[in-house]
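Everything below concerns the one structure shown next.
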Amino acid sequence: MPVLSIRALRKSFTLHTIDGRTVASLHGVDLDVEEAEHVALAGPSGAGKSSLLRCVHRTYLPDSGSVRLGDTELTSLPDRAMARLRGREFGYVSQFLSAPPRTGPLDVVAASARRRGLDPSEARDAAADSLRRLNLDETLWDVDCSVLSGGERQRVNLAAGTVRPPRLLLLDEPVSALDPANREAALDLIEALREHGVAVLAVFHDLDAMRRLATRVVLMRDGLIADQGAPADLLETV
Amino acid sequence: MTSTLDALAATAEDTLTLGILDEGAKREIRRATLTAVCVPGYQVPFGSREMPVARGWGSGGLQITLAVIGADDTVKVIDQGDDAGVNATNLRRMIASTTGCADTADTREATIVQTRHRVPEEHLADGQVLVLQVPVPEPLRGVQKSVVECARMHAEGDYSAMWVSLYEDLVRNGMITRTTGYPVLVDGRYVLATTPIPRWDVPRLHDSEHLSLFGAGREKRIYAIPPHTDVRPLTFDDVPFEVEYTPGAACVLCGHDDVFLVAAGTSGAYACSDTEWCARVREADADLTAHRDRAPLHLLPDPATRLTGTTTTTPRPQRARPAPTPGQDWALRVDGLGKVFGAGGADAVPGTGPESGSAISPTTGAIVAAWDVSFDVAPGEALGVIGESGSGKSTALACVIGDEQATAGTVRLAALDEGRTDLLTLPPEARRRLRIDSMAVVHQNPAAGLDLRVSAGGNIAERLTAAGWRSYHGIRERAAELLDRVEVPLSRMDDPVRTFSGGMRQRVQIAKALATEPPVLLLDEPTTGLDASVAAGVLDLLRGLLSERDIAAVVVSHDFAVIEALTDRTLVMQLGRVVERGLTDQLFHDPHHPYTQRLVAAARR
Amino acid sequence: MGYSGARGGLEAILAAEDLVRRARDHAAAPWAPTEQITARFRLAVDRVMGEAGLHHEDTSAAALRQAEGDPLEASHLVRAHRSRLPRLAVSEPVDPDEMVVLRRIVPAFREPDGPQLLGRTTDYTGRLLEQPSGPPAPAPKPDTEVRERTEEQRRPGRFLDLLRKLDLVVDHRRVDDPEPVDITRTPARPPAERSAALASMARAETGALVALWYRSILGPDGDIHEVTLGEVRHGRLPLRVRHPHTGNPVCVGRFRVTEAEAIEDLDGADEDRSRFDVGYGLCFGHNERKAIAMANLDVANRRFGRTGPLEQLLLLTTDGLDSGGFLEHLKLPHYVTFRSMVERKQAMRAAAEAAEGPRVAEPAGQECR
């Protein structure tokens, strides 16, 4: 059974503030992501890549269709259950860090690990390990996240999303702000998740990362899946 | 031929014996006195009559004495412990001359001792009645001026304001500085003012053989301490109650120091206040050993032990957390809550709401402030309620809290009766009690949740004492812990909250709300009214507090930033109705209802 | 000697009483018989009747004489006297519409139903002190012929009835007919029925009631404004009791009262701005200041009594015997309580000295930061 199974997923937005105009975003997407499979979404901007990620995460509420995480239908899951499921089974790494201000990186990452079932001391160890692998300078571990640079924040974000590996990891341009050295470390970390069976659905801003990480590339156009295949096959044609 | 008035006069029994009180009045006073004996410490109102002495000169005591005395009684009257003072003399001759009973100075012979400000040094035995003249019967007057509120506090046994005043006294002065009329808890139920008798005499009311009757003529109250009643001076478990003591002082006449002494002359000498006792001591007609055994010498002040209690061993009251009921994961559940201001109740609802564009009923003119509001919150979860002012969000919260009487719906707490009881059916006192440790509130205005005259620690002590904390050091330890957590400098713990900035006050209010670790926390616009940077700090704090606790929180705000920072799920309210609900990030990124979209657009601007 | 702890208290009391009696009863002046006092000191007598809550001119006059003219002390004597008497009967309800007016003015209307009757008043007389050296000459014959009054002149229609006819008054009349609270048997404390507040005001000390009225207008916590007076009356009412044998109401006498109706212009958000509200005042004897203050405070109490301090002030602070007695009691010896207070002051000082320097409260095992 796939970890993530998307069927006939549609999403549009009715903009009441602009004369009730409706803007369609996804026109019926079918997609499965298997355990340990890393799927990269590709396509021009506006093709619906981020919308798809957000519909899976339920930051967007799909109009129709189905999104299943294992056995669980997410589109109809009660809000509270969804909120809990997010903390335990999802990793969602966007370009932006949303951490409680005046909280240090170690605490942010440890909190994420605790939501996924580790006890406090295990969580701290896991968090430290994660931050170390991302080369975040240890002197920064306890400083307020709001003073970190964009690249540092992105690494905290990534650490929080990947610590104590979840079942499904959603990545929305997770390494866009990293310099080459740190970018390598981050990609290594993501790649290593495959050993834990983590299914990844990702949007990368560069082909290089896609080539490096994706086991499959899904090409989106106008809210539909246009094509999919192995990175080597598909990326050369883009 | 008799006139109507003569005929009426003939119906009265005792028109010929003109006493100070007519017989009907005496019967009434005896009834009130019996009620007082049946409910120890409760202030029984009575139809206090005007006496030939001024209100304040013993008119209450006199009425009791005249009501209970018989011709075979022997009465003793003292003022300040002295039989010969003018007031005592005056009352004694009045009682003796109008009742025909005997009078005496010897406490042992008296069947009724009427007194002002003292309990005799001599042991009062079974069968003797002590009648105390009371100028101010209300022990709470110092902490609460409204008599309606005082009555409520007695009815509910809500004495935390009294405890706070003791706490504040200790903080400011290092000791309890109350002098006479020391408050006591009678039979574990009512706080009572021990008239202005000195603290020295207070232990004599505990488990006594005699009956004590207290009469307040001006304030029209009678209360009683029956024999063998538990009478405890109010003090913290780790702060000893202290009687009056002047080192080295002894009576210049009898030489004893185990009696209550008053100044004799102006040269620093002391003498017994109980002149009859002193005289008998000098005549060797007093049982000195028995007296010394009764004297409150174990309660002499000892500065060495006064406030040095250790901080590590103080037990904290533990509240049993109800085990979660299977299949029920909420801590607070609200169903179909509605509030209509004005006539019509539910009939006013049709024609109101977002579709109608108005909250005012077209039929009755009533304001439908909230209708059909339902939600539940689980432990560890924060629910947001957002809407503009007038959307009904604060009204709905006020109905949950109990500040407003809901028109419809049910409110349940898992902590109460496993969620089977609808809070809305409970009387106000039961709902107030829930707010001590089951459902705390943080108001927009700190003044609504705090007493600004009281210190930060004292405000927290108010909640803790209401929840049964009785250790001064334990309370301070807990208050310090909480203030430290909300980042109020401990150096300010003992400063009155009115000297605090708005943000700091809000932090104190939050600390107070969390003091008893309530399972449910309700926050009403917790950062509104604060400067932006201060608000951000308070928001950070709340975020941290909610994330580290298994508390179920409801956050009401008009501000999307607050809701986004604190909550997982959110309801959107407009014109009294819930128009949309969802995951908070979903509502912010993918709002469906036109009203929500407008709110989001405004928030992004 | 004799004041406090010293022996001989009784002698001192008797001596003090003797001094009073000598100066008062045996002063070098003609004895003032009771009818002298009721005739010449009518308003003082009336005031005592009101504040004592007992309508009997001779009793009030005797009390004033014994109290050397102190109205509060006289009220005390009358009330304490009443405490000695059995309650023989309770009167039938009194209908103020039956009042035969001695004086009646309607400030709110130029030509009301019935007369504007000045009656016996010094309202319009210049306050010039007269210092006659002896008794006045015999009274001259009245200039005007005394005419028989018509029924309407004796019992004029009520101004409030006119307002009601015009539907200008908020109607507070209730359909039930509850027993009024007897404040001499049930202490009046907030929250109280209106009848309890009215009875408290009727017995209140005049000065205290006027002061409370004035304070509620000018004081920092007052929120009432002065009313328009609808009507002020002074007149006689019949008193009826049921005969103990026949059970029929029998008129046993007449008593004088002052009555006032105060018209309030409602201006609250939830009040009916299109109508007036009316407050009511009534007290024994001729005491217009009291009746007017009472009427204004009655309507204020309905409007603001529960939301502010007014109800408690009204019920608990206006009785002259209560406030006077509490004040007087300060003169009693208080050396036991004072000694207890001194002991705490000394204990505080000893503790401060032992701690060397000002005390800093320790925040429970944590360092002050």
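Order of writing sets the labels: A, B and C. Residues in every chain begin at 1.
Please note the rule applied: contacts are C-beta pairs under 8 Å (C-beta built on N, C-alpha and C of every residue); 3 or more make two chains touch, one makes a residue touch a chain.
Predicted model, so just to flag it, every value in this text is computed and none were measured.
K.L.:
Using each chain's Cα centroid, which is most distant from the centroid of chain C?
P.N.:
Of all chains, A has its centre farthest from that of chain C.
K.L.:
Please list the single chain whose C-alpha centre lies closest to the global protein C-alpha centre.
P.N.:
Of the chains present, the most centrally placed is B.
K.L.:
As a quick test, compute the distance in whole Å between the mean CA positions of chain A and chain B.
P.N.:
Whole-Å distance between the two chain centres: 55.
K.L.:
Go ahead and note the Å separation of the Cα centroids belonging to chain A and chain C.
P.N.:
Chain A and chain C have C-alpha centres separated by 82 Å.
K.L.:
Determine the centre-to-centre distance between chain B and chain C, using the mean Cα coordinates as centres, and give it in whole Å.
P.N.:
Here the centre of chain C sits 34 Å away from the centre of chain B.
K.L.:
Can you tell me which residues of chain C touch two or more of the remaining chains?
P.N.:
none
K.L.:
Can you name the residues of chain A that touch chain B in the complex?
P.N.:
13-17, 54, 58-61, 79-80, 82-83, 100-103, 111
K.L.:
Report the residues of chain B in contact with chain C in the complex, numbered from low to high.
P.N.:
3-5, 7-15, 18-25, 28, 45-52, 54-57, 59, 79-82, 84-90, 93, 116-118, 135, 146-148, 151, 171-175, 177-181, 196-200, 218-221, 242, 244-246, 260-263, 271, 273, 275, 301, 303, 306-307, 311-312, 457, 473, 476-477, 479-480, 484, 489-491, 493-494
K.L.:
State the interface residues of chain B toward chain A in the complex, per the touch definition above.
P.N.:
Residues in contact with chain A: 329, 378, 381, 536, 540, 543-544, 547, 568-569, 581-583, 585-586, 589-590, 592-594, 597-598, 601.
K.L.:
Would you tell me which residues of chain C are touching chain B in their complex?
P.N.:
2-10, 12-13, 76, 79-80, 82-89, 182, 184-187, 189-191, 241, 243-245, 250, 252, 309, 312, 316, 321-322, 324-329, 332-337, 339-344, 346-348, 350-352, 354-355, 359, 361-369
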